[in-house]
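Two complexes come next, and they have one chain in common, chain A, joined by chain B in the first and chain C in the second.
Let's turn to the complex of A and B:
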């Protein structure tokens, strides 16, 4: 469905993505994991047209979308939900949703589709008239997600949807992502919460300094020592020797 | 009402158009120091239509407003690549350019044995539609307020619609708006065009009310005031800039003893409001709250 070929991205001469190739198939949740500054967001920004690719190409359903303006990428069916719960604070919840709903898609969650909103975003359904600035962090993230669905995308690019949320709210967001997949959406997910992401994703790519260093199915990666030690914070097996720990004087 | 009151009220009405014009752009996040150009160009175009070419007033207003709208869209297409301060400076430069051009334009035609038309720095005399038709000041004031009401109703309808949300989205985060699939450039050009038309209607009325226009009137202070009206009155609703105009032209005109200090009072008022109410008296939050109060009252009645 989406194919990124040898993508390179630079900001003012500084290389953020060296060379990345990845693929997302219809109906999959694919995750990109990596440390801060590895270039995860830059990949999403290049796909959604916020930054032009410096080299390489991006294909969506066989057609090149590399370098198209953002609104044209959205029109093709790819929507990015940016990091940091970016919502339009001065607008009401409904206005936030309404303005983005310009293509009649499958998910149109406006007032006339209260059941849809109620089903996926119960927290928002009762707050349509409230100013978005007054929403809690979890609600704001739900609004950002709901707004992303308004233009009827076939593919979502989610950038750190659980960032800064309490574990309970983060769990809600992950639950929602899996429900969206069940509704037929394809999802490319960038996340810091590796353990939770791997439980959700079909496949994942590990990004380090602008290059893919590992990729595979979630199950394969979870059994990979390097990934487990680097991203899950569990020390490598040899240092797990209990006797050496006990030997330390208190 | 005596003529003085009618003149003040008419001025409030006509200046309201340029205030609404600047307000529309403020909504989209653009600070234009050049809306006076569209007011002025339309005043000349509309004046020329009725005085030089004997068109009826409605055609004059239409000619002025369309000319202003088209020029605004062309200028917009050229300057919207620029963002923030650069856009503001470009609009100011364009407006000054337009004013300087009007200072040298001399086109005179003979109408009933008299030469009529713009005379460069001497201005454009003889836009006498009101006298020729024997229209009273009161009648003209009604025309001004009729068109103003129409403009405000259109803006209120836009604000309630999806388009209004889109314009506010552009104003709060351009990139995020683009990420929602909105063609931000197209919406911006639409907004500058509409703002040009609104300023143009005001300018066309102004030319016919005063019967005489000169380039000097359309200087940058008019544009600065136009911006200030929205910032004082509030950016939450189209009524905001009208309150701004009423405060400046109405209130400050009423307390005549401050005459010479008017600009000082006005400037101070702008500074104080920008500190304590950065988005004006009727900002988005207060408008939300007012709306909530009104809808509760309606529910209670039902």
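Let's turn to the complex of A and C:
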């Protein structure tokens, strides 16, 4: 569904991403893990057209989207939910959602029912008219996710969706991500919480200093000694079963 | 007492067109976080093109009015393409300097178009007046107020009831977040320029009709008045721009009446000076700032 080929991204001459290739198949949750500054966000930003790729190409459903402006990428069905949520604090919750459905609506704003919102984000559905600036951190993350879904994407790029949330709220977010996959969305996930992410993801790529150093299915990676000691800070036990692990922020 | 009320009413009428100018600056500041110094010159050149048609082709006043509006919008789009779209967002100073350069260019263009110092500006309404009780109303100033009220009403509907207005508000808050959501910020900005140029064209036409003459200095004058009114109200605040425009008009009207013509402009600068010392954020600025701070803390 999404194929990134030998992608390179630079900021003012400083290389952030070097020749990264990765692939996401329909219906998968694929995760990119790596330390701060490894270039995870840069890869997502290049896919969603926020930063231009310096070299390489990005294919979505067989067509090149590398270098397209962000509104064209959203129109193709890829939406990024950025790190730090970036909700519009001066707008109401309803307006945040409508702003995201910018391309697919009439000129005059009109409220419409959102059965999906009621089902996935019941807490938000009661707060449509409150200013978004007044939401709690968990609600703001829910709004960021709901807003990302508003334009009807087929693929979501999630950048640190559990950042700054309590373990309980983070668990809620991970639950939502898996529900979204069950509803047919394809997800590329960047997360600090490696243990929890690996329990959720089908496959993962490990990014170090702008390069992919490891990739494989979640089970394969969790049995990799180097990965486990680097990212989970413990020696790899013989039989680590990721799905039975408790969620905890790293 | 009657004089005082009369001056206040006159000031509010004239101030309504200051408010339109200030709205032009404040919307562009909101969307781009930059000041478009050539806004006044944009309106001036638009009005010059209308006047040129009148001088050389004796077209009717209606054609002059419509040409003024249409060419102001076109010149506004030209300014946006050349010194805002072409310069990257982070280069704030570069685009401010370039908007100053474009201002000079537009002024040169106007002087080449009509080389004499002043020209009569063909007004839509004849200079007329009517009385209500002890108060005198000048027709062109009353129509200025009515036009400004219509424009503000249309703007309000556009900003709060349409998808374009929502996109504009979203870009004003965070152009990056708007880009993530698939809003085409470049297109929204271009439309915003066209919109404020149209409003500026209306304000300019109304002011020039009252003056009944046009000079190339109108650009400088309109930029000053619009910037002062915006800063009085608080940068980036729409209600602030309206309040600032009305306040500026009222203070100028009183200065003109009690102190004389030479104090009219001085009073505007004194007012701005006082505001910057006592309340640097402007009338409505402080609240906007604290709301943004709140949003930042939550996010």
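To be clear about the criterion, the second predicted complex is superposed on the first by the 221 of 250 C-alpha atoms of A that agree within 3 Å, B and C clash if a C-alpha of one lies under 4 Å from a C-alpha of the other, contacts with A are read in each partner's own complex, and residues count from 1 in each chain.
By definition in this document, contacts are C-beta pairs under 8 Å (C-beta built on N, C-alpha and C of every residue); 3 or more make two chains touch, one makes a residue touch a chain.
Quantities reported herein were computed from a predicted structural model and do not represent experimental measurements.
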item	value
Clash or fit, chain B versus chain C on superposed chain A	clash
Which superposed partner A:147 touches (first chain B, second chain C, both, neither)	both
Which superposed partner A:20 touches (first chain B, second chain C, both, neither)	neither
First (chain B), second (chain C), both or neither touched by A:129	first
First, second, both or neither for A:75, with chain B first and chain C second	both
Contacts of A:84 with chain B and chain C, given as first, second, both or neither	second
First, second, both or neither for A:48, with chain B first and chain C second	both
Greater residue coverage of chain A in the superposed arrangement, chain B or chain C	C
Which of chain B and chain C A:92 touches, first, second, both or neither	first
Residues on chain A lying within both footprints (that of chain B and that of chain C)	48, 50, 69-71, 74-75, 79-80, 82, 86, 88-91, 95, 98-100, 102-103, 133, 147, 151
Residue ranges of chain A in contact with chain B within the complex	48, 50, 69-71, 74-75, 79-80, 82, 86, 88-92, 95-96, 98-103, 129-131, 133, 147, 150-151
Complex interface listing, chain A residues touching chain C	48-50, 69-71, 73-75, 79-82, 84-91, 95, 98-100, 102-103, 105-109, 132-137, 140, 147-148, 151
Touching residues (chain side chain C, partner chain A) in the complex	161-167, 169-170, 173-174, 176-184, 186, 291-292, 294-296, 298-299
Interface residues, chain B side, partner chain A - complex	162, 164-166, 168-169, 172-173, 175-184, 284-285, 288, 291-292, 295
